[in-house]
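Dropping the structures in below, format is structure tokens.
Next come two complexes, and both contain subunit A; in the first it sits with subunit B, in the second with subunit C.
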Partner chain A sequence: MTALQRWGFVAAALLPTLAIYAFVRLYPIGDVLFLSMHEWNIISRVRPFIGFENFVELYGDPLFREALRNTAVIAFGVLLITVPLAMVLAALIHARTASRLAPFFETAVFLPHVVSLVPAAMAWKWIFDARLGPLNAVLSLFGVSPKAWLFDPVLSVVCVMVLCSWQALGYAVLIFLVGIKNLPASLYEAAKLDGAGPIQSFLFITVPLLKPITLYVSVVTLVAGFNVYGQAFVLASDAQGAPGQLVRVLVLDMLENGFRNYRVGYAAAEAVVLLLVVLALTGIQFGLLRDRSRA
Partner chain B sequence: MNPATRQKLIGWIIDAGLLLFSLAMLLPLVLLVSNAFKTPPDILQWPPAILPRDPTMANMKAVLSDTPLLRWIWNSVAFALLSTAAILATSAIAGYVLAKFRSRPLDVIFAVILATAIVPFEVYMIPLYFTVQKMGLLNSTAGLLVGYLVMSFGIFLIRQNVIASIPDELLEAARVDGAGEWWIFARIVLPLLRGPLGALGVLAFFQAWTAFAWPLIVATTKESYTVEVGLALFQTGFTVDLGRLSAAATVVLVPTIIVFSLLRRNFVQGVAASGLKD
Partner chain C sequence: MTDRHAIATLPPVGRRSVLARASLAIGAGALALLLGGAAQAQTVTVWSGYPEMEPFYKKVGESLKKKYPNLQVKVEAIPLREHEKRLALALPSGSAAEVIELANSTAQRYIEAGLMKAAPDDAAKFVGNTAYFDDFIRKTATVGGKVYGVPLFRGQGALYYNTEKFAKAGLSSPPKTMAEYTDFAKKLTERDGSGKATVSGWSMRLSGGGAGIAEKFWINMFQFGGNLIEEQADGKWVTTYASEAGRKALRLYVDNVFTDKVVTPEMPADADAFEREQTAMFIRESWVIGDIAQKAPKLKYGTALLPRGTIVAPVFIYSGAEGEKAKLAWEFALAANEPENAVWLLDNVGWLPNRKDVDYSPVVAKTPAFKAFVEYPKDYAFFTLPAIAPVEEILSRLAARLVKAFADPSLAGNDAAIDAFLKEAAAETDTILKRANLLGTK
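What follows is the complex of A and B.
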């Protein structure tokens, strides 16, 4: 086998994949950066270069600001609901590994993460329904007056947040479970000998040792939260002529600018903002990880 | 109470709590499936009941005959299967080559793949849409596929597995025996990667099956909708009632849940591996 033959194989094997990769990933990413600095409304042939004007306009655009605010509230809301809950659930499920019910717990918590988004969102849409939904029915048992969950500008954001948390929880639990299984058992035995109870072990061993995994799960959850779209689309879209409150999120605003207002350059600038948010979050994750290993 | 009994009691209490929580997680799906079998007066009943009083198949029959639901399901299945095949093929070959033929340029290529992995699909979706448009592939399975041909995580996963589980000596021995590189890849490497490829395949299938934003912009004719898009637009209609909506959603949901239950191990492996990349 000559070196030439060997590198011939490498080229023949790798080139198709690399060509596809360049065509469907690298090129569009580059194109988004290019378009964000240009003015282009689908029909016109010319695309004048306008520098950062799109970004300046975005800064003053009330719809974009609303979208960014809603998206950030949803992303951080999902994070605050999901991550602590998932950590506790994972610890409890791990403690009950021997239980016959353990596989059922894992499946039940994880299932919402894999079922198709639209049917799941439709289920929640009915739960939140003001007239017929079970949520108001249950609340009325406690004397709470019925609320128009999907029509109120604040409550509808909460609804999207709840739906996203319900979906995101299973993933976080699964990753935490893997993490907890990999923690050294000797630490827990030592703590037990020193008289620590299970709650103390959880707070002073599990939580600190899981920090890198917690960081990872947090960033994944936040990034997914910033890309929220389908959930808001389904919950807000009108059913039987009753339009729900539109929860404007980043991706929705971007698609509206691109495909309804035909302002592709402007939409690309929004995509770049989304990218910067994701890069910042990932950067913070790596920064915090490095801090930890230095300490 | 002696410690052993106490321990047992605590275990039961945790089990009971987890059981309640698990059932609560499943409740929205149970309600949806139940609504699919409710009669119109049942659905308007207040307070709403968990189970239908008088189960009916009318909603099911109506959606299956009045909407192209089966067509949409077929579109989704075709899209998801082809996407899975493409991702498995590109990940297997690229992952293997990037693991076993280390050199500076290849390491740079791998670094670029890793770096672009953090860019969400939604960021470059619009330029990709125009590419698909230029190729004349809008409203087709091929157009949908363009967005789902490669998965950075797949390449990464296979590369890690090749490094961890396929020794150089094995490949060298085959070369000494006169085996060609393609033969080695197909007959030695691929069979050893069955586990990770299985996990990746399930992951890729579900990723395409549940895709939403991309199919929504690429497939805009009733015949080309995927099931997610079809359902999302169907539920905005004026004339459909909750029973039919739920029936349509159930038709999609139940097979998903069955397939997931069968492939649960593969899936969990794949997702777990995705969390360990740091």
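What follows is the complex of A and C.
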């Protein structure tokens, strides 16, 4: 078999997969880019080209700015809560591997990740309820006055952040746990001989060696954070009779513009901004974590 | 057994003949199954944005069974906002149900795009009959001289008040002026030892998302003589809420929240709160009567007209289907307006049927709360949501601003700040109208 034939065979074998991938993954992205520069009301057959007008309007749109700010705060908040906490929990669970309760610890931490979003969010909605919620009841035991968790503009964002972190934690712990289990035991033994305690071992061996895993978990968590929608929708939707602060996030704003205001081009422009933000942040994360780990 | 017996009595025949007869029998059986299946497959699918309407559509289906014994009615009723989203996706792709229940303000863009079909002659004649429907309903069913929607029901607001709480506060009748609304709300608010409101005197829509907040604001502003936007003679629209009426309405809200503290955004609100006796009064449509009957049948309450007038949001049955499906869909729409079904709708669901030649008095006698919805003076004014493409965007963007205003204590007692807020919001509304080429000059 000549080299050309080998290449031909490889191309023929890969082509169907690549074609499907291009159709279901790349084409929609291209279409979103295309739509973002057009005006389209989802019904009309005419889609006039308007250049960057949608982006210019986005720049001055207070609802978009609010959505972008809320989304960024939630995404970074979830990242800052989840990654360190997951690493510590993974280390603690690993330290108790020999315990009979180890599987229970792992399951307990991972469970929120597999629980369906809507019932989980409904449960949290009850927890955060200003009048009947257990959170305020517990806080009142410490003399803290009741808070309107789901109404206050700041606290409602915190509530979404807490729910997202609670969900993301299990997956992050699982990945970190796999990483920790693969770290060479000899390093810990050597550190122990040198008089290092568990905390020192964690800080100076586990954390640095987990950098590739941390990079992966950070990217996945941040991207998921920027795509937050269901949590905000269930916790603070426009359910009649259930007051709540609408936490406007990017995906929710896109849906509103696309399917309620019939401005698909405008919603596509928002999607492009979201794509660029996530791409830029992922690039920065790669730069920060990968380069240092190589050094 | 019968078949076996029949075969046994057949005269002797050759093998090929038996095979031929067997094939014929199988073919005939298959044809019968096919035809029978076709008869069974006579299905009408209804897409609704009001889950409480499902039993009504089933009832309409039952009434059609005399003519179509095998008719099956499939009702897919989901919350209104989700219903609107699925229509936005399904209508352009031709995959929507054949019976579509929708407000005319939302249907307008689909009609303009040719995605809703004009009603056939018999349905158009029915809708155009002045004996059956008011001018307003007939006018909103018609676009460009063609009838597109068959009237179904209308959302119409009125005051609901808890009579026991009124009596406890020494109030013998519902408020008749906006000044009385404020005064009564203060008297009706129940507070704990620290003075914090535990039962709101007047539940107002202060938070959440969506256009409903702006719609409710419009109802209150209407009592002061104002509208959010108004149509000009040339068919264009102007923003009219940065005005005296707008100021009075917004002042009413912020005073209720910050000055009089008769309601707070985090308090339970709307029908649920009223049914649980967590609020003394609120403004809502007639469906709440049916809701109360189901969820709080022992609640002592009354309904009353609003001081000046109220919103009317007519809902129609539309169809984008063609051929046999369309024929059945329009028949279904007409059957929904049969007197028996119209009375059933009012009695069991609580939405107000639009057909006016039907005797609803037995239902009103049984449930006097309907009086405020069907008996009103001649000068009682009505308004409706404009049937223009950007209406949802106008309302939802104003709603987003209003939520912030209702939570802003700096607006309390500060008319200059209220005016500035309204002016800024009105400028945004103007921008939306201008983009849609609908902005007129005052």
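Couple of notes before you dig in:
Keep this in mind: the second predicted complex is superposed on the first by the 262 of 295 C-alpha atoms of A that agree within 3 Å, B and C clash if a C-alpha of one lies under 4 Å from a C-alpha of the other, contacts with A are read in each partner's own complex, and residues count from 1 in each chain.
In the analysis below, a residue touches a chain if its C-beta (ideal position, glycine included) is under 8 Å from a C-beta of that chain, and two chains touch if they have at least 3 such contacts.
Every value quoted in this text rests on a predicted model; they were computed, and no experiment measured them.
Contacts of A:43 after superposition: subunit C is touched, whereas subunit B is not reached.
Of the two partner chains placed by the overlay, subunit B and subunit C both lie in contact with A:259.
When the two structures are aligned on the shared chain, A:63 is found in touch with subunit C, with no touch to subunit B. For subunit A, the partner with contacts to more residues, out of subunit B and subunit C, is B. Once the two complexes are overlaid on the shared chain, A:151 sits against subunit C while remaining clear of subunit B.
Shared-chain residue A:289: touches subunit B; no touch with subunit C.
When the shared chain is aligned, subunit B comes close enough to touch A:29, but subunit C does not.
In the superposition on chain A, contact of A:248 is made with subunit C only, not with subunit B. Within the superposed three-chain model, A:130 lies in touch with subunit C and out of touch with subunit B [touch as defined at top]. Overlap of the subunit B and subunit C interfaces on subunit A comprises residues 237-241, 255, 258-259.
Of all the residues in subunit B, the ones that touch subunit A in their complex are 11, 14-15, 17-19, 21-23, 25-26, 28-29, 31-32, 35, 43-44, 46-48, 90, 93-94, 96-98, 101, 106, 109, 112-113, 116, 118-128, 130-131, 146-147, 149-150, 152, 155, 175, 181-182, 185, 206, 209-210, 212-213, 216-217, 227-228, 231-232, 235-236, 238, 240-242, 245-246, 249-250, 252-253, 256-257, 260-261, 264, 267-268, 271-272, 275-276, 278.
Those residues of subunit A that touch subunit C in the complex are listed here as 41-44, 63, 130-131, 148, 150-151, 153, 236-246, 248, 255-256, 258-263. Looking at the complex, you find that subunit A touches subunit B at residues 1, 5-7, 9-10, 13-14, 16-18, 20-21, 23-29, 31-32, 35, 89, 92-93, 95-96, 99, 101, 104-112, 114-120, 122-127, 132-134, 137, 140, 166, 169, 171, 174-175, 178-179, 212-213, 216-217, 220, 223, 226-227, 229-230, 233-234, 237-241, 251, 254-255, 258-259, 264, 267-268, 271-272, 274-275, 278-279, 282, 289. Taken in their complex, subunit C has these residues touching subunit A: 81, 84-85, 88-89, 91-92, 109-110, 113, 115, 206-210, 212, 265-273, 389-390, 392-393, 396-397, 400, 403, 407.
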